[in-house]
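Common to both upcoming complexes is chain A, partnered first by chain B, then by chain C.
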Partner chain A sequence: MAGQSDPHLSLFSADELEFIAEDEMVEIVPNLKMDALNLISGDFGPFVPQITTQVPLWLAVALKKRGKCSIRPPEWISVDKLTQVLEAERESQEMSEKLPFHYVEISRLLFDHARDDIPDVYMVRSLIEDIRDVRFHKVETDLEAFNGRTIAVKIKNLSAMEVNIVRPFIRRALQAFCKHDSPELIPDPERVSDRRPQVANNAPRRQLRR
Partner chain B sequence: MASSPVEGSSFPLDDYEALLSTTDVELLKRAWRNEKAAPEILRFETDLTDRIREQIQLMEETVEEKSAAGINPLSISLYQMDLDRAQFLLRSYLRIRIQKIEKYMFHIAKTDELWNRLSREEKSFTRRCTDDLKQHLEESVLSKLPENYQSFQRQSVISEQDDMVPEPQLDTFVVCRSKEYLTGIQLEDGPVDDRQLLSKLFEMEPGVLYFICYKSIKALVESGKIDLL
Partner chain C sequence: MAKYYDIDDIITEEEIVSVIFQKEASGVGIDPSSETDYIEAGSKLRQAVSVNVPPCFNQNTRLEIQADSACVDLRSRCPFFYEFGCKVAPLVGDRTIGFLLLSAFKNRYKEVLTKAHTAAFTAASKFWSILTKEEINMYEAAQSSMASFKKWRMGGPRLQKASVLGRKRKSTE
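Up next, the complex of A and B:
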């Protein structure tokens, strides 16, 4: 089970992101007979050989590991679809909306545990890596457009992992802009000239320490 | 804070998804993510954690019964995994709160609004923590300082405010997503006056991610209209 992340480094650890993504639903084709599971996270099954059913990814992976099912890769995990996505990503500065929020984690889990269920797995994998690179490059160029007037940033279709990676940078950058922009910190020339000596005024110091 | 949600075109979720989003685990996951992302401590989810605790206990009993009865070990291990996941969420949720309490205990203890957000157990934890830390600070350092510098809350007697009490930084930036179309979000509040250009009201589309100052959307997080992530 994933450990607690250090909140100072990044908000969610890779394990925690995977944990969140494991609740996404996938289709499986079981090869065993088992009664329905009434879990805390919901009711799944019953499981009948060759009858497709929907389960969360963690359950699918657990069954797959024991050789009890095959996983139907989601529709977007195919050479055709991913090639289209890659083209769309290359053509436009906008992020494609065709990928799920957790596409990195889902594809990683499937590559790790269900390679044999994905047709053309090598091609699919390299497509996803290319898409990741293109998207990252776009995020990076977007970030260059920041300036001191930026007080909110809107990003469409950014994925969970991408958010997590750029978050510390964006947060610090926006905060720095905010801080240097703040009128309280810009020394007022008039006030400086008749500055009284060392009054017990902690306000500026508090500002700086933050 | 001025915020008037407009009845937007909310897409009807298909029944399956709606059903899933209402499980307590799903709700706890949301509370967990919000708590992780928010700089300050949020309201404790008393009812939700009670329900989850009950479900965990019930499930523990079920798993025990099943394994005693020698039922299919595969299904037992799946029940156990589900149980582990729910327990992880609950523990992680409680721990983040404890981390925040430990960091900002004096601030929480003296701010009614924050104090009322704690659970009963957290209140008694905070009380013990503040007492112990205060005693420790006094015995090890403060009592040996000149009289004017003996407060654990202030640098010296001439300090105008409690300047030795760490406070969460509310003007930090968070990532958030709205469930519905929101308009009229006041981005800059407070006495910042050279920003008329920017303090125009802000709109939020559902499902789009925003990096935004926590202070501006605080009320919307508290009312559950916006999720942090």
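Up next, the complex of A and C:
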């Protein structure tokens, strides 16, 4: 069950996110002959040597650990693609949409278990690190724009791990902003210390007096 | 009532404010010749007293917050600056406290945001000591989520055996 690791801090731990990311599909080239696997999540296979097939990442990693397949790295894990993404990330404040939702987790799983299947693994790895840093910096600048009238945050194409890192902080910050902004909007003294975020007040709020 | 057992809320209400009695009160157990007494914030006694503005919201603090709110040591003034402000503002009847709280929080929030996710723990210890309780909660939430992410990223089979070592052993066996 989600959130068992530390229910107070964030909904998921990094390991739980990794677990979720293991359901993403990857292509593998098996080197064994095996019938199709009928699992609850679907049927995978049949496995024929040198014939590529689609399996979830957890199955790919399990087969790879036993030396039964080689993993075809996804299209976006290549020096060319990642260089393009990095450039795009550096150029604009928008988050690039070319990376999958679980790119941090998938790349780490592949680096850990399928190093030999990724061409230029060191270059790819450092590119992904750079992209992650650039993106996280952008998230921070986005969050700096918070002010009292913020009710929700909208950041497009944020990945699972990035949003998980900032979630506990944002939650507390938004709560505090809602609390401190309410006396300005609602002069009613009983509601000043109301902790609940006032979701209903979607109307643009009055400008602050300076 | 939801915050009845909240220890922070209880401590906040322990904050001392000075008041002026508007009506005669007998049996309160104070020197009858003195006009002022200390009661806890939040216990508004049917307009029997008027509450003075607490020292942490005085003109000096306001000027400091206007100048550079990120550097003001709010913790030494009142560790529960924001909560206390929210509670005391309706009692004092000073509408500007709300604006003061919001603008102070807004500016200090940026500082917390940039430092919380990046700065190393030791480097931030000085910065840490001027935060109020609410800001510390936020800061710690960010630090611990960042730390757990880093732990996850570093974990797993990270160390590789150098190819030389493997060969050497084979030749001896």
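As a working rule, the second predicted complex is superposed on the first by the 179 of 210 C-alpha atoms of A that agree within 3 Å, B and C clash if a C-alpha of one lies under 4 Å from a C-alpha of the other, contacts with A are read in each partner's own complex, and residues count from 1 in each chain.
Please note the rule applied: a contact is a pair of C-beta atoms (placed from the backbone, for glycine too) under 8 Å apart; a residue touches a chain by one contact, two chains touch by 3 or more.
This structure is a prediction, so every number in the text was calculated from the model and none was measured.
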item	value
Which superposed partner A:167 touches (first chain B, second chain C, both, neither)	both
Partner chain(s) touched by A:143 [first = chain B, second = chain C, both, neither]	second
First, second, both or neither for A:180, with chain B first and chain C second	second
Which of chain B and chain C A:41 touches, first, second, both or neither	first
Which of chain B and chain C A:51 touches, first, second, both or neither	neither
Which of chain B and chain C A:112 touches, first, second, both or neither	second
Contact residues common to both interfaces of chain A (with chain B and with chain C)	167, 171, 183, 210
Chain A - residues contacting chain C, complex	9-10, 13-15, 18, 108, 112, 136, 140, 143-144, 146-148, 161, 164-169, 171-173, 176-177, 179-181, 183-184, 187, 189-190, 192-193, 195, 208-210
Of chain C, residues touching chain A in the complex	2-3, 82-83, 86-87, 89-90, 95, 98-99, 101-103, 105-106, 109-110, 113-114, 116-117, 134, 137-138, 141-142, 144-146, 148-149, 151-153, 156-158
Chain A to chain B touching residues, read off their complex	1-2, 4, 7, 11-12, 19-20, 22-23, 25, 32, 34-35, 37, 39-42, 54, 58-59, 62-63, 66, 68, 149, 151-156, 158, 160, 163, 167, 170-171, 174-175, 178, 182-183, 200-202, 205-206, 210
In the complex with chain A, residue positions of chain B that touch it	16, 19-20, 23-26, 29, 33, 36-37, 52, 55-56, 59, 72, 74-75, 77-79, 81-86, 88, 92, 95-96, 99, 155-156, 158-161, 163, 169, 171-175, 187-188, 192-194, 197-198, 202, 208-213, 216, 229
